[in-house]
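Below are structures written as structure tokens.
There are two complexes below, and they share subunit A, which is joined by subunit B in the first and by subunit C in the second.
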Partner chain A sequence: MIPEFGYGVLAVSFFVALYSVGAAVYGAQKKSLAMIESARRAMLLLFPLITISAATLIYLLVNDHYEVSFVYEVTSRSMPTYLKVTAWWGGQAGSLVFWSWLLSAFASAVTIRKWERDIEFLPWVIVVASLTAAFFLGLTVFYENPFMRFWSMNGSVEPSMFPPAGATLFTPQDGRGLNPLLRHPGMVIHPPMLYLGFVSFVIPYAFAIAALITGRTDDRWIRLTRRWTLWAWLFLSFGLVLGGRWAYDVLGWGGYWGWDPVEIAAFMPWLTGTAFLHSVMIQEKRGLLKQWNMILIILTYALVIFGTFLTRSGVLSSVHAFAESAIGPLFFAFIGLTFISSIALLIWRWPLLRAETEMKSMLSREALFLLNNLLFMSVLVVCFWGVVSPLMSELFTNQKITLGPPFYERATAPLFAGLMLLMGIAPLSAWGHSTIQTLGRALWKSALVAAAVTAVAYFTYTSNLIALIGFFLIAFVVLVTAQEFWRGARARQSAQHENFFVALTRLMGRNRRRYGGYIIHISMMMMAIGILGIEIFQAETQNTLKQGESLTLENYTITYREIASWDNNGAGVNYTRAVIDVQENGVYLGKLTPRIDYYFDSQQNMTIPGQRSTMRDDLYVLLVDWQPASADGATFKVFVNPLVNWLWVGSFAFLAGVLFAAWPDKDPAEERSHTRQVAKQPSAAD
Partner chain B sequence: MKRQLPISNSQLLFVALLALIFANFTSAAAQTRVPTDDEVNAIARKLYCPVCESTPLDVCPTEACHQWREQIRSMLSEGKTEDEIFQYFEQQYGARVLAEPPKKGFFWLIYLIPPVIILAGAVILLRSMKEWTTKTEPVESSETPAAQDDYLARMEEELKKQK
Partner chain C sequence: MQKTKFLFGGLLILAAVAYLIVSSTQASKEYFMTVNEVKAEGAAAVGKSIRLSGAVIGDTIQYDAQTLTLTFDVAHVSGDNAEIESQGGLAVVLKAAVADPSRQRVKVVYVGVKPDLLRSEAQAIMTGKLDAQGVFHADELLLKCPTKYEEAVPQQASN
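After this line comes the complex of A and B, so read on.
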């Protein structure tokens, strides 16, 4: 009864979404405010409806209803309750419901706002949001239904929503359990973060489409969705970082990013989203690039849907898997249709989107932003081609191929270096015009100091050319950005006669977007230090040690002390944990305990490293299963990952930067009226 | 006077024979020396598990990969080079075991298409930027005080707005 209820509510919400689309189109065509209002209410109804359906699913997950095939696939009795709840997005059917639920929440948040000024946008925003929701809900209702149950008939067991004639309900004793790799706290939060990012990007896209359809092509749609875009970008970025951290902690290959197609699928909308964040500034400041911004947000939306599809469906493994997957062709068709219609709309409105002004100089900030967009798009081309070409190869040559990290690293490294250089130059170029001389005057000091820093790195740390170029660019960007803070605060200090720190705080507070952006640039450079460190200077070794034997890598020596293995039947897992002593240059530093967790239900191993982390380097020790681990001997793989901690610390600075830029300002009108009121009333202190 | 060797001819022959045996023995020892895990990993890292998607052979935990690593070890101990091992795996399991497809035939497209698209993008961008900029009057000389104090002017303009 409970699964039928959950399914029923899901089906109702699908039809409500369709109604909302129809009513909004009709209302816009007939200029009927009543119909538009009805569409809006239908869309607002989606959130409570999907919440009820999702709550039903969570109830089934938490209460071990293994007769439901989704519950059987992603949970088991040994899993703690919080993991049973988060198993909601641990499988495809549940994650599609999760996606729809987030979208309904965001769409509600958008439509609840006051619409007086932008009422013409409203029906079309509803159409886009509800159509997207209807697509995802339709997938769950017709193809990937999380409420299907097992039915037994003539000795065979089949999942089905409704009982086939003569079948009896089949309830397995226990579920298969969530993939142990997904039981890590990083993985519990990582998918929702990515999905939050994905889904938030639907909102700016909806407004862009509304702007195209209504022909209102000023930058109003951009201003209305600026914060959505920033939040979307924040969630997506943080989702990517969490995914990296998860890989570092759980996958046991000593790295954080393997250029896996699923990772790239989440990275691609980030690339177009980042380009979009930069290029909308040109439209706001200079009235240029209206057409390009439309292209970017349309691409981002298409890549968001593509990413959602790829991260869960596993279709990239082969074209056959794609053809056999029930939802593969549907996703393909939806992405194709929305993309083609969006582009058709854009072509229709192309003349209206002409630039209001002209570009004056190839070195102006807008020109440099364009170059930044070119570089982001180039990285996108490499990524997209890297994901798609193995499928092409299989299709045309019948040969499967792999495109591993070397392909991507070789192609993207110079592009990322170019982006870093632009990050250093663009903040000092002016909107409208700049020349080599003005830029040179602004930049030479920073470039000189960065060169000095690079020289120090050369004499004290490394002679690796790529690393030195990287260090130069990092130092350059940090110095230029710091100089921006310094000059801004000094200018305000002398103009307003304030103390330097007061001037700096007020300057930043009143220009949140710019200084938030600069904090993000600095945090990116911190992350770049970590990436350079692990990519260029990582050292590793592997050996089988007997108890008491040691292994040395760089300055570290590890000594194998003991090993223990025990079952935790409650959690359905066996732990094998080694204890090793760590010394650095002969000085005892402490113990590390790398371990292997073996999950009985899924018969899978999870390799948990022993880590010792400092800002200089990470010692990362894995107990690998090349040889069965025992008191006689165990195989250890040891990595020294220099500077990698900068990547994680940088990601927190990044978070701070985006929060600073996206934090809601007090409404200026409200602030003014408040000031007036205060001025009229005598202060309490008087 | 001819200097006499301190050892006789027969002794010399014996030493030569010993040297020959020793040389043989050491080369045999070199061949049977078991390659270290690091030597195996250095090659396995550049190969991909033919079963699991996108997993390099050095970290793949499956039994099949374990056997493939042992195969690399035995091929190394037979004196096979890295390229020979790659070739062997490619012949056995297809191009997908390589980190990148070989640069031949259809696979050339994989390497050529991204730079071609990127270059085309760059050309389009440069042309449109030129078109935009040539429409306007020449940029004023950077030597003018206005250009020099551009930054301060910007700041002051913003400060005025904030007041």
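After this line comes the complex of A and C, so read on.
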């Protein structure tokens, strides 16, 4: 009964979503407020409905209902309860329900707000959100149903929602269990973070489409969704970082990012989203780039759906083949349809989206923002080309080629360097007009100090050219940004006769987006230090050691002491743990305990590194092989990853920066109209 | 005047990005190849970056734990997923490839730790280069075991 109930509620929510789309379109056509209100209520109903269905699924997961095929696939008796709950998004069918659930929550949050003067957007926002929800719900109702059960008939077992004639229910003793690689705290929160990011980008897209349809193409839709966009971007960014951290802790190859198609699929909407985040400021301040912003948000939406598909279609388990999942073509059809209709709408409204003024100077703030956008799009093109090149090469030449990490590194490095340079220059260029002279005057001191820092790095740390360029850019950006904080606070200090710190806090509080943005820039530079460190200076070695033998890498010496192996039958795992002593330049630092966990249910190993982490470098030791009863000893792989900790510390600074920028103001509407007027003045004077 | 300046700048960036993509593709592309294709190309395949896939022959696996040198042979399997599916799936195809002595084979050398998944009838996906003797030197070794990817339907016997 329980699976039928869950499925029934899911099916009802699918029809409610369809109704909501229909009622909203009808209401907008007939200008019937009652119909629009009905559509809004239907959409509000989606959240409780999907919540009930999801709760049913969680009930089945937690209570070992292995007759349900989804429960069988992602849980097992040995898994702790919290993992059984999070197994909800551990498989395709469940994660589609999860996606719909998040979307219904966000859509409800949007429609509950006061609409007043934006009421004409409402029906179209409902159409986009409900249509997207209906697509995902439809997938779960008709194709990837998480409530299907096993039925036994004539000696064979088939999963099906309703019992085939003459079949009896089949209940396996135990489930297959979640892939052990996914049983990690990072993996428990990484997918929901990414999904939060993905789903929240639907909201600005919905408003963009509403603006196109209603023809109200001023920047109102951007102002309404500015915070959504920031939150979406925050979740997506943090999801990416968590994924990297998970890879670093669990996958046991000493890295955090492998330019895998699935990673790129999550990275591509981040690129367009980041470009969007920057370019909307140009529209708000100068009334430029309106068409471009539409293109960016439409692209982001398409990439979000594409990313959901790639990360959830089982591509993970195959190395270079896309999974032949039944829902693949449906995803492509949905992406194609929404993309083409969005572009058609955009072309229809193209004349309305003309720029209000012209871009004049190549070095003005808006021109540099445009350049920033072009660079982000270039990275996107590189990523896209890398993903599709196997298909393209097969179509146009007879040979199938593939592009690995070296391609991405080589092609994106100059683009990222360009973005860093812009991060240093753009904050000091003026809206409207800047010249080489004004920019040079503002920048030369920072550039000089950055050059000095680079020289110090050259004499004390490295002669690697790429690293030195990187260090120069990092120092430059940090200095320019710090100078911005300093200048602003000093100006306020003398104008308002405040103490420096009071002036600084008030300054930042009054310009949250600007200074939040600067904090984000600095956090990006911290992350860049980590990335440069591990990419350029990573050292590795491996060897088989007998007990008491040592292995040296850089300053570190590790000595193999002992090994033990034991079963934890309750958790269904065998642990093998080695104990090693770590010395740095002959000084004893402590012990590390790299492990291999072997999961009985999935017959799979998980290699947990022993890590010693400092801001200078990480010592990362893997136990890769061991012989229980022989003198051969154990094989260790050792990495020294310089500076990588900056990546993780930087991500917390990043979080702080986005929160600072996105935190609600006391009276946002007033503040916004004020900044708009102030910003308008110089352009009027031009 | 302004327009042409911006247009020119945009074109310049476009050209730079195009150059970046083309040159990076040229410098780092790897060719997907099957064992048969490598054999057919012969000397022409020597020195190219190749991503080779094949079925691991269990009897040929040799591992020296002191030097971390691993050698084994792989037998030809099709690179076409549709073809693999039509022949009964990856597990069946790999089994057939190992059992058939007339299949083309390539000897593989890999220096590194022996992966747990390396066993007979595993699919090895390797990145590396072929030397003049026809031995494939793998820098990267990925293994896929069909047994790991069980059917979504449980065995009746497990009840």
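One rule holds in what follows: the second predicted complex is superposed on the first by the 638 of 686 C-alpha atoms of A that agree within 3 Å, B and C clash if a C-alpha of one lies under 4 Å from a C-alpha of the other, contacts with A are read in each partner's own complex, and residues count from 1 in each chain.
Here is the rule we go by: a residue touches a chain if its C-beta (ideal position, glycine included) is under 8 Å from a C-beta of that chain, and two chains touch if they have at least 3 such contacts.
The model shown is predicted, which means the values in this text are computed figures rather than measured ones.
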Exercise. For the three-chain model obtained by superposing on subunit A, do subunit B and subunit C clash or fit?
Worked result: clash
Exercise. Thinking of the overlay built on chain A, is A:Thr541 touched by subunit B (first), by subunit C (second), by both, or by neither?
Worked result: first
For this session: Considering only the touch criterion stated at the top, classify A:Ile343 as touching first (subunit B), second (subunit C), both, or neither.
Result: neither
For this session: Name the contact category of A:Thr397: first (subunit B only), second (subunit C only), both, or neither.
Result: first
Exercise. So, A:Thr438: does it touch subunit B (first), subunit C (second), both, or neither?
Worked result: first
Exercise. Does the superposition put A:Pro414 against subunit B (first), subunit C (second), both, or neither?
Worked result: second
Exercise. Looking at the overlay, what does A:Gly252 touch: subunit B (first), subunit C (second), both, or neither?
Worked result: first
Problem set entry | Which superposed partner A:Ala491 touches (first subunit B, second subunit C, both, neither) | first
Exercise. Touching A:Asn605 in the superposition: subunit B (first), subunit C (second), both, neither?
Worked result: both
Exercise. Between subunit B (first) and subunit C (second), which, if any, makes contact with A:Gly155: first, second, both or neither?
Worked result: second
Exercise. If both complexes are laid over each other on chain A, which piece of subunit B (6-14, 24-32, 114-122 or 150-158) hits subunit C?
Worked result: 114-122
Seminar exercise, completed: In subunit A, both subunit B and subunit C touch residues 317, 358-360, 362, 367, 371, 374, 378, 381-382, 385, 389-390, 399-404, 406-407, 411, 542-544, 605, 625, 635, 637
Exercise. Inside the complex, what are the residues of subunit A that reach subunit B?
Worked result: 251-253, 258, 260-261, 316-317, 355, 358-362, 367, 370-371, 374, 377-378, 381-382, 385, 389-390, 393, 396-397, 399-407, 411, 428, 430, 433-438, 441-442, 487-488, 491-492, 495-496, 510-511, 540-544, 605, 607, 625-626, 635, 637
Problem set entry | For the subunit C and subunit A complex, residues of the former touching the latter | 2, 5-6, 9-10, 13, 17, 20-21, 23-25, 27-32, 51, 65-66, 68, 79, 81, 85, 112-114, 116, 125, 127, 142, 144, 147-150, 152-154, 156, 158-159
Exercise. In the complex of these two chains, what residues of subunit A are touching subunit C?
Worked result: 69, 72-73, 150, 152, 155-159, 170-173, 176, 317-321, 324, 358-360, 362, 367, 371, 374, 378, 381-382, 385, 389-390, 399-404, 406-407, 410-411, 414-415, 542-544, 602-605, 624-625, 632, 635, 637
Problem set entry | Contact set on subunit B toward subunit A in their complex | 36-38, 41, 48, 53-54, 56, 58-59, 61, 66, 69, 94-101, 105-107, 109-110, 113-114, 117-118, 121-122, 125, 129, 132-133, 135-136, 139-140, 142-143, 147-148, 150-152, 154-156, 158-159, 162
